[in-house]
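One chain, chain A, links the two complexes that follow: it is found with chain B in the first and with chain C in the second.
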Partner chain A sequence: MESATRFKWKYVLLPLLIVGVAVVLGVWKPYALIQGLQRGGLYALIALPMALILGIVGIINLAHGEFMMLGAYFAYWLSVHTGIDPLVAMIPAFLAFFIIGALTYLVTIKPVLKAPELNQLLLTFGLAMVLTEFANLMWTSQSRKLPLRYVYSSASIGSLTFGTFGFTYLLGAVVVLIALLWFLRYTRTGQAALAVGQNPRGAKLVGIDVNRTYLLIFSLSIAMVAAIGGLFLTGHSIFPGVGAPYTMKSFCLIAMAGVGNLPGILWMGLGLGTAEAFVSSFQGYGGWSDVVFFALLIAVIMAKSYRRHTA
Partner chain B sequence: MSKKWQVSGRVLIPLLTMVLVIGAVFLAAADETPIKLGAVNPLGDITGAQMTKAMQLAVDEINAAGGVLGRPLELIVMDSEFNPAKGAAAIEKLVTVDKVDVLIGGMSSGVHMGEIPILKKYQKVTVWAGAASHVCEDALKDCDWYFHLHPWDYLQGESYVKGWADIVDKYPDVKIHKVFVAYEDGAFGTTSYQGTVAAFKDWDVSGESFKSAALGGGDYTAVLQHAKAANPDLFLWIGYGADALPIMEQAKAIGFEPPIFVGSPPGWPVDFGKSPLANDVVLYGMWAPSMKNVNPVSKHFWDAYIAKYNEEPATYFCPLGYTNVYIVAQAIERAGSLDKEALIKALEETKYDSPLGETVTFTPSNAIKHQGFQGQKILQWQNGEQQVIWPFEYSTADLVYPFHFGGE
Partner chain C sequence: MKNWRYIVYGIIIALAVSFPFYTGLYLRQVAITILIYMGLALSWDMLLRSGQLSFGTAGFFGLGAYTAVLLQLGTGAHPIIGIILGGAVAFIVALGLGFAVLRLRGMYFAIVTLALASIFMLIVKNIPSLTGGPAGRMLPSVVFGGDASKMYWLALAVVLITIAASEAFQRTRIYFALTSIRDNELVAKSSGVDVFRYLVFAFSVTAALQGIIGGTYAQIYGFVSPEETFNVNFLLLPLAMALLGGIYSTAGPIVGALVLGALGEYLKLQIPYGHRLVYGVIIIVVMLFMSRGIVGTIRALTRRGQDRKAVP
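== the complex of A and B ==
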């Protein structure tokens, strides 16, 4: 009986609350709602591959944003030299970075899998620095941006005119989330990966090749985030340091959603994006959006901790 | 006694000859000793990298023409990495280890603040190219060995006020009363905004900060919506190159099209001019590539730089670095030696026709005795090229007004 009551709270009232907030925001500050959904979609999209590594391999990849940056440069150069659209360049970026991810895993990650977490953190942090400096040496710090007409496509509802391309990020996040959930739940490899993530020793006992699973998941995650770099490139300037802030935001989203909770990352991303956009919609308060981001992060982590203690 | 003299004479004459020959050889060798110029530039950044290349170009040209005082110039470059501590260490090393004769180059006020205590410690003759903050200037008060090229922030503000006033006078259609400034929320944007408010007392200036893409931002929708609601005659954004195209794209997406759209980043992104949205955007700067069509020094610099490096100068720090070396070289030539007092006096007599258009002379500014450039120029992107709109004496094109996205 008690369990049934908790079930209703979680699955009925919470969505109703979200829808209610969205309706109020949509009427009061429609720009903030649109901007928040687009921004939150981008946050979630970039965070999902990081969550995959953290949930299964158990590594916090602090070079996550830098791989996105390299993927964006890859798509940029492919686009400049061959004329293909960066959205199409996402496919070769995915394939190329799957191999790069595998090499990175074999050369750097695999040797520290059993090392203390601090060593792993230092390693990926060092990797991030190496990748940033590599980009700096190769392409200088000057920012680059492809002029693409479709990124300023817009729509109007009454007097409300807004950009529509940003919804691509939200669409991308939903597609990646569904694809990941399908992969993890309905494919043998995905189920094996889930098992490895939950209990690597047990998985090994039942015959799953843990190391190969780690290699696959790490490579897949790097390939995904590099391909996302191609999408990121469409609406953003790229430069060697562009990825670092997204590593931090991705990690915060995962911390809020909880390790292994992929749908939670999308919801948290949308919540954070909307909260930031809502604050920014008041003139002169844009600088508070970072404060809101971290305030929400702290609030959610504290609430989770409280629930765990009272459960 | 006489025998003694005879012996001494036989020994002395060859000895004296030998001394004279060796002395002459040493003197000749000393004449070939290079005059060392020590520069501290951020080499990882396009501005610092191109400024360094332009400096080397100037050094090579001067050496090819016989050097200075018959001696070759040598450029020793240290990387500041945009880090004040590294900039300070670089100055220390150039002075104590490399024993340079003159310090040149440099950019970024933040880095310069770290370098100033070391500069003051050694008081080596310094002709600094970059750094615009008046805080740096205040820290260098009474340093008669310090010469500065880039206009200080308040000089830039004054030049914009004069420039826009002249433009309004020349173009009757142009009306500027209400201005909205979107500025990045770091020190650069905030001080620039404050400077704009202080400088344009006759304008109704309002503004709002945004988080630059260079610092993890990149969503300008909110600030652009507020700007659109304010309906300004002139919209100015102050940020970095990474903000340039996304701001235009997001403004276009929400239908924000002010009559004058001004961007003020320190450097523009690669190929910004190729975007149709770049057309008619106004910008501030010290130089535009189009000046090669109206200024022979600019044309010579442009051609020589491309011939040597097979790339186009992308920032005004490039001709500024070239100017930096020539000013120092000509002053050493005038001074006739590297004596500090003579060199300072010679630098004070500088009159150099620069590729940036102006003839550089040094005059007192608010705190220092030797300020070179007095302001910036108002430029406009037209068909993928930066054109000079003001000062009218350097003008390469007329102002296109009002602004329309993509000239549509």
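== the complex of A and C ==
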């Protein structure tokens, strides 16, 4: 434990640095900053439920983005058949995928909880493939989009005109983050879940039902990410492979923030989104923004591993 | 008993080599596909024996494929030289990257290898002047002028090299090093195993094999494109095959590739879209109920039978 009294420079310098970069970027390339914040909000929003599973159940769910994709399809069909708005469809998606998540946990995840990490990784990888191909089989690889008016709402600051709808993602990420923190700190179930995440045996000894906690957290996380799929649908076209990159990005954010650090995911998401938007803003280099992402992912994981080795 | 075993191996190899003499064009092409996946499955398993799960097979496969095609287009070198250089490039890239990424373990290593494969693909996609960009490049003609029998022998030769490498991994001190790293790295290290060196070695050798297989694939089909060459198929199918057959052995991935390859060809005809669903299901089912795979289960059963015999 570090002493609490020691003044930590990083808490002063880091925000200053972030604000500085944001100001420079805002003046030089305002669109990149705005787009980056919107994009980063979406990344963080999707990553948060995955962090919940990884932190408490201890499983890296490689099918995370695929559940979002299925949730988006769910909202899409509900919206097409009944005419309700996909944002409203998030509620039935949440409920339906809570049950689907519970079933997935009971059938596939629970048997491998004690298995080596390798088996868990392979299992969720297989799950991701099954979900993608299921969508492919059911709805073909054609991409689908809902015609929504409000998505194109925009605002102007001075001579700057930009879409405002993307900030919904950022707002969603903040809301989900606060809700999760509140749940984990101030509700009995949440505190129990946190205890299980820290030490499953210890939690069991003090009378917490570990299995039920795992079931609840896994189902909750799947339900959340499926509901997020409904929100995702408003601004994006969906196709069976749409979720896979978000699994990677979510994992990347979690690795960057460190397992168990939920607020860090939001900051890392914003940073990553801005970096990507910045690279895409150069004409002709748009294709390299994903390279930036992967390079960043590897660099951060490597840096963390070195710190672990030297510590 | 031992001689009997070698006779069986000899018969199998003879059957495999003479395969084109008694089969039609269609079967030969199916066999080529199966051989390609078999090599990938085996090379993936070889690294897995050290406990490191790599999702990067498609990346090194694509690297080898692009090297082979670009070399031939650029210099007009013989296809075989292109294939060998494909392996060499994959080897060198893996060696360089291995020093960095092999400090990672578990999910971090797995995700980083997946990311590396994506980086290779994106880089290739973003240099159109060299690689043809998203459209890819095409060879003026495929290897051996499209003679399916010779192409089959080429693929078979590559797989035999992979099998030989896999057996070398199983029968030399490499086996003990990799197995001890998998079981308990700390113990391996304290027993004097140079963990890092063995991991880098296994990573680059398997990458080289994947590069050679990729080069062979590109020469046989005569084209490369980012979407096709770095396709998730070259990750998903080998994984499913090795897992179904049984990991940590040479026989397992071979058996798995034969079974799943034949089944996959049938499924492709039955459900053209979404036949990959089956591979995903197989991975899940094997992980849940039969983590030893076909070969491992049979071995366990026969061993149990022998044990029973031993008890009077």
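FYI, the second predicted complex is superposed on the first by the 290 of 311 C-alpha atoms of A that agree within 3 Å, B and C clash if a C-alpha of one lies under 4 Å from a C-alpha of the other, contacts with A are read in each partner's own complex, and residues count from 1 in each chain.
FYI, a contact is a pair of C-beta atoms (placed from the backbone, for glycine too) under 8 Å apart; a residue touches a chain by one contact, two chains touch by 3 or more.
Source: prediction; values computed, not measured.
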**OP:** Using the superposition on chain A described above, determine whether A:L118 touches chain B (first), chain C (second), both, or neither.
**Re:** second
Subject >> Contacts of A:G163 with chain B and chain C, given as first, second, both or neither >> reply: first
Original post:
Is A:S153 touching the first partner chain B, the second partner chain C, both, or neither of them?
Top reply: first
Subject >> Touched partner set for A:S280, first chain B, second chain C, both or neither >> reply: first
Original post:
If you stack the two complexes on chain A, which partner ends up touching A:L127: first (chain B), second (chain C), both, or neither?
Top reply: second
Original post:
Just chain B (first), just chain C (second), both, or neither: which does A:T140 touch?
Top reply: both
Subject >> Common interface positions of chain A, toward chain B and toward chain C >> reply: 136-137, 140-141, 287, 290
Original post:
What residues on chain B touch chain A, complex-wise?
Top reply: 44-46, 49, 185, 208-211, 213-216, 218-219, 221-223, 225-226, 240-246, 249-250, 252-255, 267, 269-272, 274-277, 314
Subject >> Sites on chain C touched by chain A in the complex >> reply: 48, 51, 53, 55, 100-101, 103-104, 106-108, 110-112, 114-116, 118-119, 122-123, 125-126, 232, 236, 239-240, 243, 271, 273-277, 279-284, 287-288, 291
Original post:
Once bound in the complex, which stretches of chain A touch chain C?
Top reply: 60, 108, 111-112, 115, 117-119, 121-123, 125-134, 136-137, 140-141, 248, 251-252, 255, 287-288, 290-291, 294-295, 297-298, 301-302, 305-306, 309
Subject >> Complex contacts: residues of chain A adjacent to chain B >> reply: 31-32, 35, 39, 136-137, 140-145, 147, 149, 151-154, 156, 161-165, 235-237, 239, 241-242, 244-246, 249, 277, 280-281, 283-284, 286-287, 289-290
